[in-house]
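In what follows, chain A forms one complex with chain B and a second complex with chain C.
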Partner chain A sequence: MNSAAASLIGVLPDNLLLGIETDFLTQWQFWISVGILAGIYGIFTLGLQLNVGYTGILNFGQAGFQALGAYAAVIFVVELGINFYIALPLSIIVTIIAGILIGLPSLRLRADYFAIATIAFSEVIRITIQNARDLTGGNQGTISLELDNGIFFNESWLKVSSWMSENLFDPIGLSGSEYLGLPLLVVVWGFLALGAFVLSRLVRSPWGRVLRAVREDEDAARALGKNAFSYKLQSLAIAASLGAVSGWFLVLQQGSVSQEAFEPIWTFIGYAVLVLGGLASFSGVLFGSFIFWAVYEGMRAMDLPLTSDKDAALRFVLVGVILIALMALRPQGVLGKKEEMVLGE
Partner chain B sequence: MSDAATAPAPSSPAPSGAEPILEIESVYKAFGGIHAVSGAGFSIPEGSITALIGPNGAGKTTLFNIVTGFYKPDSGSIRYQGESIYGRRPDVIARRGMVRTFQITKALAAMPVIDNMTLAAARQPGENLLRLIARPRLNHRSEAEVTERALELLATFNLDKKANDYAGTLSGGQRKLLELARALMVQPRLVLLDEPMAGINPTLGRRLLEHMHELRENDGVTFLFVEHDMEVVMNHADEVVVMANGSVVVKGPPEVVRSDERVIDAYLGGGGDRNEPGPEAKLRAAKEERAAASEEPEPPAPDPAEPA
Partner chain C sequence: MEASSVSPEGPGATGIQRFREYANANPAQVFLTVMGVIAFALLIGYGLHDFAQRSVNGIVTGSYFALGAIGLTLVYGILRLTNFAHGDMLTLGAYIALFFNVTVGVPFIVAMVAGILLTAAFGVLTELTLWKPMRKRKAGTLQLVLMTIGLAFVIRNMVQLFAGAGQQRLDINTTDTIQFLDLTIGRTQLIVVIIALVVLSAVAWMLRHTSIGRQMRALADNFDLAETTGIDTNRIVIFTWILSAGLAGLAGVLVVASIGSLNPNTGFTLLLPLFAAVVLGGIGNAYGALAGAMVIGLAQEWSTLPFEPQWKTAVSFLVLIIVLIFRPQGIFGTERTL
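And then the complex of A and B:
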């Protein structure tokens, strides 16, 4: 317990259950790391927004696509020695193919069965990663990011990152270890903003109009000559590729990959972001992701006499409570459109 | 298409010389053990207005769903403009110029009225993701064109003031009009309407019927509609097809069908599987009206309601 916290709760006795530690909230490092996570899961959730908010398909497998993108990129670079910048688009192609393969048999199902099929898919991916030791590093799931010849997966990125630090941030006084995450933050939010911009244009195009028709009533769209199935497949493929992009950034942020980062709970974190920001709104994704991660990470400020895993579980509980309260008070989310709230059939 | 100039006047009988635009032959469809459609078949000439009637459970809507590709038939033959469309997907059939409306209106409530309309236009370059990105200007041109056509159509249906409202804010009758207007955006040759009059007020209903006749006259569009309102059926159809128990009982001009004993049987006898006072009463009313106007005999006294 430090002085800042003590002054904040000055009147309370020292042995009170709930302590609050707020020092880190004023540090750049904390907000940069919140920003990066918000950006990564923002990109992740853009895909969910396209699927759920605009196409009416419940994709519960986004973490699977993220895992596939992350592991494919790392394996291409580390195991196959492919150039980093070629490996990234290749990993997107792999993920899109996976999206189409899972979509072909399951998108004909009703919305809820499709949801079950996708969650099964994402677990198949994760458990395969966990067990395919030769390829992925086995049960710990952490693939070696280092090539035999000493090249690291993220070597190319580190070059870009240090160039950005030297030429963009040092001159304006943002130097030192505190600002180490700044280049990644900028690149991730650049991707996120670009993605949100392009997608919000797309959903207002004739292509997006068909998606929105399918979201509400597939039969109406088909009766007007639109191949609803094809559009659902395209929507899923785009979401899968966004999942892959968020997967690379997660690797770059964490510096390692572990299958635990792709458990289904992370898909539902994406849904929490989606619901918080609002359905059928891409700016809602940006907003929702930032608020979610600020609150979620900020909950570390609670200094409870609990073991660390209980502490982590409690953070999820609080996230749940916030979501329930939001559903009761503002079901369309902060920036969502009530008129466009359509889910499944 | 070339028939536009030779389209018959609204009140004239069916053009007997016209090519059939739709030919249905011995279509079968069973759900489990229930034969919803068993051997139904009829054809309708291009540029005609045909009514499909029959008691509830006769298989009218099922036949609609089969013809438009929403259900796969068990057997039979369906030809549209001389080509088989048997077992084709609904979107493929719609793109060929056969569009339908639904018994329960499918206005897309979460989309603005104008988007409902522009959605329906066929062959839009911007509907293809690759073309949309590669040729943005082509898309812009097409959008301008499509929007203009949509606004014109909305104006003829008195919906232009609602163009930017969500379709969910429209009344039931307005939704029916929107659904018809939207179907017309496809520029169809054949329109199938499932109970267009149900639940809309007489003024809107009249307008809908006027549009139907105008489209037939001006563009040679063919109509097939399911309807329970006998007055509408008798006054607006060139031909009436009566279905009962999954097959066609009678087909002919309204004045022939209305006096056919089999039709009355279908409605009042063992045809229906449920008590159904609505259409019976309407048929009786229509028959009484006609009886009053002509010298034909009174219709038979209505049977008491069937025991369940």
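And then the complex of A and C:
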């Protein structure tokens, strides 16, 4: 890994190679943060898997749904004073409605037109967040997580988190600042596992069989009396709600939100996770997300002798190379099923 | 789209149905009428001077959009490839020109030519290493689209790896302005418009009147049929990439010349407005893309009269969404023509 990265840049003198920081690999803190990110983008990508892997629709707007879920939840709690545990399901409802409104006009379109339409919708959402300062508060859409009367968005979560630390992790010796992320890790992966389980049952149900029939041959499904459009819309709405859930966790993990976290590249990173794990495989999403974030965060922690923008660029070059190589050599992904890979003309 | 071409003639047809029928038969007329009404309202509301000034800005924007959009639509028309890396080809061209103009220190025009040629060469390289092998394997839409996204990541971040993420400027005068009828245009911007119009006219002429242009249109119409009539498809495909990528490189150089500065993300942020122009003009239709680009350029700049300027990219996305919903085959010309 190190030497590959070094030869890629070609600027590292040999004596520096051994100096590259690798201690992080044995630290809990690093693996906890990798795990949280892998979990958040795993939930995000479960939705893409349902859309792309099982329904054959190219949803390029997942980051927009994530943004909507995150901002709706924060606005409900901080600006409208709604209880945290009511705000979360409300934000899912908002996102599902958005998914239906976006899907209704655009799901009739061909695969590549639908992709362009959804990316445009997600950019409209992001630019609105960036510019509607009255609604989102801070500069450039960075939302303030604190209410005037001192209520924080994450107040309820912090209570749960500290309860979990005291009662679950401290007794088994996992106390201290390096284990602070453990409660979030457990909750995020709980949601991810639950989501993967429910979805994998769903796609094996009669409902899921129709979904796959739509993916294989929409006209044939329609000829059998199935409302293909309605199934595609349901698939998109479910993906949107998963996007919203990943949005809340992103806010809880980052502590604040900026619209930059919802740029289209994050949808594309979801696709990298998706094809890395494999199409039409929910366990592939878990696997792909973990591998992706371990490598991505690992490269970040290596502390290469580059400025931070060039260091980031190197990681994204790697994302691009992974995408190109997978599409050329193994389009169904590592754990995907070749016979389930149909998204042709 | 297909369903709506069934004409609801007869006594049962309501006014709305008649309008729909008329709009489907004359989409460009209806669209341009709506746009004309909006323009007239803005003209009345904000006065001739402000309206004319924004229109001048819109033409500058539209001219580099047009150069980018033609390449995007040609590659789609001939190769059926929706190229999400096209915006980053603009970035590549601009940075190559920046390198020659600022680091090496050659005059702007020479740097521009270098930007065009090297971007065109890069386009041919991607054809030979990626797109040709993928076509042979009959790759599907998902595979191709994700590959262009991977390529977009690679181009943008290789640029950032070498040049950094900061704003960069060309070594040219971008502050001099020219006054004309009380309107202001940057001297460089005027040169940008002139270069773009000359090149666009040459491309339009080439597509219509030269043998290679006719062969390109034949390929866009029906690739397999064109191949059986003895057209050397390999040669035409390579030429398409030279043209598409070369024009993208030129567009990128003109973007940095008229905006004044750029960063590695600039090209990608232009991708959606370019798609808007292409879809508006009917995807695959080069003349349509040209008209669509001018419409998008004007719409974006006109929107700065009633709204704050930070909303202007959202305007092109909204046009894109509206056109995709109501008329995905585009406003200008019919589908599958070039």
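In the analysis below, the second predicted complex is superposed on the first by the 312 of 345 C-alpha atoms of A that agree within 3 Å, B and C clash if a C-alpha of one lies under 4 Å from a C-alpha of the other, contacts with A are read in each partner's own complex, and residues count from 1 in each chain.
We take it that a residue touches a chain if its C-beta (ideal position, glycine included) is under 8 Å from a C-beta of that chain, and two chains touch if they have at least 3 such contacts.
Note that the structure is a prediction, hence the values are computed from the model and not measured.
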Checklist entry - In the superposed model on chain A, is it clash or fit for chain B and chain C? => result fit
Item to check | Residues of chain A touched, compared between chain B and chain C (which is higher) | outcome: C
Checklist entry - So, does A:K232 touch the first partner chain B, the second partner chain C, both, or neither? => result neither
Next on the checklist: Contacts for A:R209 in the overlay, against chain B (first) and chain C (second): which applies, first, second, both or neither?
Outcome noted: first
Item to check | C-alpha centroid angle, chain C to chain B via chain A, nearest 10° | outcome: 70
Checklist entry - A:A223 contacts which: chain B (first), chain C (second), both, neither? => result first
Checklist entry - Which holds for A:L323: it touches chain B only (first), chain C only (second), both, or neither? => result second
Checklist outcome for this item: Smallest inter-chain Cα gap (chain B/chain C, superposed on A) in whole Å equals 5
Next on the checklist: Output the chain A positions appearing in both contact lists, the one against chain B and the one against chain C.
Outcome noted: 341-342
Next on the checklist: Which residues of chain C touch chain A once you look at their complex with the stated criterion?
Outcome noted: 1, 82, 130, 133-134, 138-147, 149-154, 156-158, 160-161, 164-166, 264, 272, 275-276, 279, 308, 310-311, 313-314, 317-318, 320-321, 324-325, 328
Checklist entry - In the complex of these two chains, what residues of chain B are touching chain A? => result 68-70, 89-92, 94-95, 99-102, 106, 108-111, 115, 118-120, 122, 124-129, 132, 139, 142-143, 146, 166, 168, 182-183, 185-186
Next on the checklist: Quick check: in the complex, which residue numbers of chain A touch chain C?
Outcome noted: 9, 52, 58, 105-106, 108-113, 115-117, 119-121, 123-124, 127-128, 130-131, 265, 268, 271, 275, 307, 309-310, 312-314, 316-317, 319-324, 327-328, 331, 341-345
Checklist entry - Can you list the residues on chain A that touch chain B in the complex? => result 202, 205-207, 209-210, 212-213, 215-217, 219-228, 234, 339-342
